[in-house]
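Following: one structure in structure tokens, then a few remarks.
Note that the chains take the letters A, B and C in the order they are written out, and that residue 1 is the start of every chain.
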């Protein structure tokens, strides 16, 4: 229930930021809805395809797709307002990221998969929406360069699994993971924490 | 039967225009066959993967894949002839778009899915081939900028569903949808009808 | 058994060359692991999704994913050494390509699919990892331009199928295919053999 609410908050916020990317590419309304939906529910879609977890969430529950399309279209009218509220959206994005990670972990757990795959499932759920957005908008995938993002998804999933392993109730584990993941993500944004980068100057492809 | 013929016409025309895109990127014959096939049958493939509708059409019927590969290779020899017949190909593409939409609608209907998802299924079938082509050829996805295209797929699907709902026979519904969709698409090309665009000048990514 | 060893050799080598591409894009460690894994096991993943062959290899055997992630991270420390050993990696890549092709062929065969689809399955297994790497790193897909690569995968698969058809034992067929495919690939690299290219100068998109 808590996760369902946070999921809807998360996909709405993600859809709105996705729509902004579409606007920077001067896309039409269809493009806006496509990029908004890919950003918001693309991660869960890629996860379900990789795990063979059918039907996809939005195929079984078309209302989620309707929400992301409407949120995207709405953004075309209130874009400057959305941009001004940047700080709010960074917070909503952090909450969504952790909620998506917990949901991704649970999907893989319920399929009886290896804990390592549960954490990969969380990571894909949290990260691949933004990756798809950047692929469609032909931008350098931000998630591969910027502050801790994938790491938060991965770490939140590991924490959640560890808490359940300690026989802590699902609700408590969810709340602890949400708080810890949110704080980690917001600290990473504030202090610019990032993973080390691998920079290779040598020219010439190996292949 | 009518749909099967139009399907073959559609994938052949799509494969030939896909091959032209590959030629502009100076790809080799393998690239030509890949882009031709992705353009022609990529939309149906993405649809089937999203819906979990296995086996894929071209896996069960490899002759369709053979047709798109051959049509692509053939195009390398008659490219200038194809370019001169641009008007014919725009018409064939319009017919293919509507045929693909009806097929996509029927696939989702036969799986017992929500009418909204049936329309999304039509849209994915009609639009994602061109999207894949532009991703592989590293071009700005035309379908997100140009005249009504996705809208025609979506509208044709809605019309088809509405006609069936009125207990009109499948054949009649198919023919009416084909004519209406074709006229809408060709009018959009002629008069430059397009969806409103969302243009955002502000710099700086939100993420 | 032979194939399993060659598979591990292949994904390790592919992951290391993938990591170099990530380094040229100045990605962080997560990006390095993502690109390394996509390069190494992306082809098999796309194949399994297209064929509906679940669970995916790395979901059922997470150790393969661990290998590609570790190989990618390791490469960040020994990149200049990897680059110096370019000749070794070209050989390992050739072995991996043929091993991947045989594995792809067998997966499709075991599903009872048409021989043509078995060869496409080999091609997807061998080629799509590099295609994904170039898409994520926003580079022109090399495989669509360079020396015989897709053709080696396709030809190796055809040879393997033909040998089995002649009632040659699986082990013998595997060894013959490995040697023939390796020699063809290395000859293509040495002598610059490539498929004819399709070059189209005319401007203006058809769509």
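Worth a mention:
As a convention for this text, a contact is a pair of C-beta atoms (placed from the backbone, for glycine too) under 8 Å apart; a residue touches a chain by one contact, two chains touch by 3 or more.
Quantities reported herein were computed from a predicted structural model and do not represent experimental measurements.
Under the stated contact rule, the graph of chain-to-chain touches is complete, every pair of chains being in contact.
Per the C-alpha superposition, chain A sits rotated 120 degrees relative to chain B, a value rounded to a multiple of 5. Averaged Cα coordinates give chain A a centre that lies 29 Å from the centre of chain C. Shared interface positions of chain A, defined as residues touching 2 or more other chains, are 49, 52, 135, 138. Those residues of chain A lying in contact with chain C across their complex are 49-52, 113-114, 116-117, 120, 131, 135, 138, 140-141, 143-145, 149-151, 194-200, 202, 205-207. The part of chain B that touches chain C in the complex is made up of residues 17, 19-32, 34, 45, 49, 52, 54-56, 59, 62, 65-66, 76, 79-80, 82-83, 86, 89-90, 93, 130, 135-136, 138, 142, 146.
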